[in-house]
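Note that the chains are named A, B, C and D in the order they appear, and that numbering of residues resets to 1 at the start of each chain.
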Amino acid sequence: MRIDTDAIVVGAGGAALWAALELAHEGVQTAVLTKLYPTRSHTGAAQGGVCAALGNLEEDHWEWHMFDTVKGGDYLSDQDAAEVLAREAIERVIELEHMGLPFNRTPEGKIDQRRFGGHTRDFGEAPVKRACYAADRTGHMILQTLYQQCIKAGVRFYDEYHVVDLLFEGGDANEGGRAAGVVAYRIADGEIHTFRAKAVLLATGGYGRAWRITSNAYSLAGDGMALAYRRGVPLEDMEFYQFHPTGVYGIGILLSEAARGEGGTLLNRDGERFMARYAPRLMELAPRDMVSRAMYLEIRDGRGIDGKDYLFLDVSHLGRKVIEEKLPDITDFARIYLGVEPLREPVPVQPTAHYAMGGVPTDLSARVLRDETGALVPGLYAAGEAACVSVHGANRLGTNSLVDLLVFGRRAGKAMAEDVRGGTLPEIAADADEPVRAEIEALRTRAVGERPDTIRAEMTRLMDEKVGVFRDATLLSTAVERIGELRERYARVVVADRGTTFNTDLLETRELGYLLDCAQATAASALARKESRGAHSREDYPERNDAAWLAHTFAFRRDDAQPDLRYKPVSITRFEPKPRTY
Amino acid sequence: MQVDLRILRYDPERDAAPHWESYSVDAAPRDRVLNLLQSVKDLQDGSLTFRRSCAHGICGSDAMLINGRNRLACRIRVEQLGRKVSVAPLGGLPVVKDLVVEMEGFFEKYRSVMPFFVNDTPTPARERRQSAKDRERYDDTTKCILCAACTTSCPSFWAQPSYVGPAAIVQAHRFIFDSRDTAAEDRLEILADDDGVWKCRTTFNCVTACPREINVTGAILEVTRAIVARHG
Amino acid sequence: MLLRYRGGAGMLAWALHRIAGVALWLFILLHVFDIWLAAANPALYDEVLKVYASLPGRIGEALIGAALLYHALNGLRIIALDFWPRLTRYHLQLWYACWIVFFVAGIPGAYLIVAPALGLPGLKG
Amino acid sequence: MAVITRAGRGRPRSGGFELAVWYLIRLSGVALFVLALSHFSITHFVSDPAVQTSQWIFGERWGGLLWRTLDWLMLQMVVFHAFLGMRTVFTDYLRGGARTAVLMTLYLVAFLVFVLGTVAVMSMPVGLVR
């Protein structure tokens, strides 16, 4: 079936929904395609909060927020983007409140705020209360609120439509083509639909499932990134992948930084608050990359609990009231998944793969960049975790992802509305869906080959071991090589389910293909970057090297070879790079 | 340990009717039912079909009938169930395939209760104020993840699929009791419909089913009382 | 469905309430008819009465009494919940309370009803 | 024309009927709690079925106006309560034509029961003796 509309939004997480809402308010006919029911999107998992310098409890300024973002990103953040983020965060959070979001309240009835890692006053002096929150369900409330407002605005949703290809007019993105639509696979019955539009937004979230220990949902397979990458769009800064310090031991489920924001401490086997040795001022509230590295080093030096590969997060001293009122969900996770009672005992934690700083490169209006020179792909937009603006630079601060969704999701919607006005629908061939149709048919009908699970298991183990918190040339070159092999094996993969009705086997196997693409870009970009910056820590190059590496990586896909890597300078407006200490 | 897992399977392209299949699965006590299903899918039968995403009880994808009760497969540990585990799709909704049910009707009911904030008065420059007490008033029902475990555990819903169901009422409750919202009257009117709150028989299955531990019946009765009060 | 779903006490409370309600309804159909008979055809009614006074008749009446008592107590519980939704937190406790009253009042009651047919001492000897 | 609400659906049809039913069931329930339980207690604990011949009923039980009034009141409550209750039960388990037919019958039976009972309570003169 073929459907014409003005704008297409792929995904229904926070970024996508705000864009869709903006488009609806502008009266643009929009189709929102999502492979999950919107409220199942992973934005709902975000716990801790969304930062905005409201100053409801203590003095705060957007400049401080901007500074923290840039410094937290180890000066790789584009400062024009960080400025937009910090300024507009305030308006967006207020707007969310006007949409009905049930924030926690101060005694005066204002939005309550709390501390979060890396957020400081006076340019790094001391922690500041900046994270606006709704218990530890902030993401859930944002997702619900935006979806509710979309229903109110009459947004058209195509639920459980899995986008499998992007369409262009006049050649792929690298050939100067213009985005023309998407091909989507309706999960319920396997029917393929072609959607045509003047503007397409990719807001498909991250790719944390490339790792084994991860906080990410099964569905986070880098779909949007990989689909764009295959159509000639580069991927920016893929080597910067965040490991969150406090994943539930063995499973990776996240225990929010809010636990530390409220005063929770990290302990090693000697019961020592080891962060004192790594970040004496901010302690547990140092940025995530530093805390994760500190934990990794503690474990490597044999100070893990019982000498094993985990440490303790202790909140028991915070008292029942704080724990039950402000941290209800994470206490629940500890009880359910570990059988640990956080009111009394410390919780076993280990770093967990969490967030992609990199992704599809965009400008400040969420328009997708074609290459490192800043040329645009007409009609194509990206926002949210799938995109790289880049505000987060080499390391994202806690809560800044939600801010990113709100600020740049809205900007995407605004820019798209502008874009579609007056323009004509692109031309696409009647059989534009043929290539992906053929791919899917081949996968569905292939008789012999390898099951995807073994490949998936090998990939995730490989990423854990070789593309983790600490890296070096040996690890990374092995990773690059092995991922190449896995990609070859993937070309011969078979599925067990050959039906058309709700064939998750088929789609999950396709997702594995997306993950392999993202993993390859990540490993290759990491191998090339010979310095340590933010979340990218090379043991063979332990220092940051601004002279050579103050630049964004752009990885271009090549069919049977390693990606082509090129570099783009960082935008620096207010804050000159300085050593990063906390 | 070895778990004896029974799954009610159905593939419309192959089977005339749903049927039970047994699998023996190797599991650790802390494994969740979702791990068991994933293990069957990975190692025994790749065509086993179920929804899941977040794997930790916040997205609401994997509500199913486990050992006779609706629960999230990702939140119930094997050790809580014992060696015999049976899994079937949610009741009262059409089965699409295996453990996947058609959710559209459920979401349609959700949408029918105006599940969105309404306040058309001019927006202030800053946030609207709300006291912590007023915020607390509707806290419980903001937690809902639309997993449908409640509605599909309700005998009244099984009997009358037109019943709007506990989940939709919970969602309406969240706004009706929000001091900032101005459309409570409209929602009360919608829920005073024949298929509204009256069909609740206080069976409390929804409360035991809810993975978010929402006092669903309490919320329904609060709405009922508000409707009754509204009519004097 | 009811059999496939392992509902909790709440579902049981409802199922019993409904079963008792239907049973009571059936009994009332009968009862109104027999009272009408008492006026319309007293002789026939007196015959019917012998059935009520027999042992099986008395056991039946005890059961109807049980249904009435349970339905009435649980009915009050539901009404209490309806008007004070906060009580939902204690709905189980309320249900147990219903059962306590049920047995405390029901066991002697059942004895009194059945006793005469067995020649046991009752209220009227 | 149905007025469309902001939820994008027609305004509900109910004219408050279900609300009335809800109320009636509860009010009559409370009334029955007293009336039915006391009725049952009297017939079984104060008296005994064995002695409750038609003679006894019209002579003693309904010897006074008070008891007749109370029992007649109970009859009304039962008609409301039990038949509305049965209406719920039947609507739960029946669909379409069968539902309509059964409900019609139910209402008819309710009417008959009411008439029959009323006739019984009213028609017998106080202290009737054969």
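As a working rule, a residue touches a chain if its C-beta (ideal position, glycine included) is under 8 Å from a C-beta of that chain, and two chains touch if they have at least 3 such contacts.
Model, not experiment: these values are computed from the prediction.
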| item | value |
| --- | --- |
| Farthest chain relative to chain D (centres taken as mean CA coordinates) | A |
| Innermost chain, where centres are averages of C-alpha coordinates | B |
| Centroid spacing, where centroids are CA-atom means, of chain A and chain D in whole angstrom | 64 |
| Averaged-CA centre spacing for the pair chain D and chain B, given as whole angstrom | 37 |
| Chain centre separation in whole Å, for chain D relative to chain C (CA means) | 16 |
| Junction residues of chain D, two or more chains touched | 6, 8 |
| Residues of chain C whose C-beta touches two or more other chains | 18, 82 |
| Numbers and ranges of chain A residues touching at least 2 other chains | 152 |
| Residue ranges of chain B in contact with chain D within the complex | 111-114, 118, 156, 159-160, 183, 186, 189-190, 192-194, 196, 198, 224, 227-228, 231 |
| Residues of chain B touching chain A in the complex | 11-14, 30, 32, 41-43, 45-47, 49-61, 75, 77, 96-98, 100, 103-104, 107, 111, 115-119, 123, 125-132, 135, 138-139, 142-143, 145-146, 175, 178, 180-181 |
| Chain B residues within the chain C interface of the complex | 65, 67-70, 88, 91-92, 153, 155, 158, 201-205, 207-208, 215, 217-219, 221-222, 224-225 |
| Chain C partner contacts - residues on chain D that touch it in the complex | 26, 29-30, 32-33, 36-37, 40, 44-45, 48-50, 52-55, 57-58, 75, 78, 82-83, 85-86, 89, 109, 113, 116-117, 119-120, 123-124, 130 |
| Chain D contact footprint on chain C (complex, rising order) | 18, 21-22, 24-25, 28-29, 32-33, 35-36, 38-40, 42, 45-46, 49, 52-53, 57-58, 61, 65, 68-69, 72, 75-76, 79, 82, 109, 112-113, 116, 122-124 |
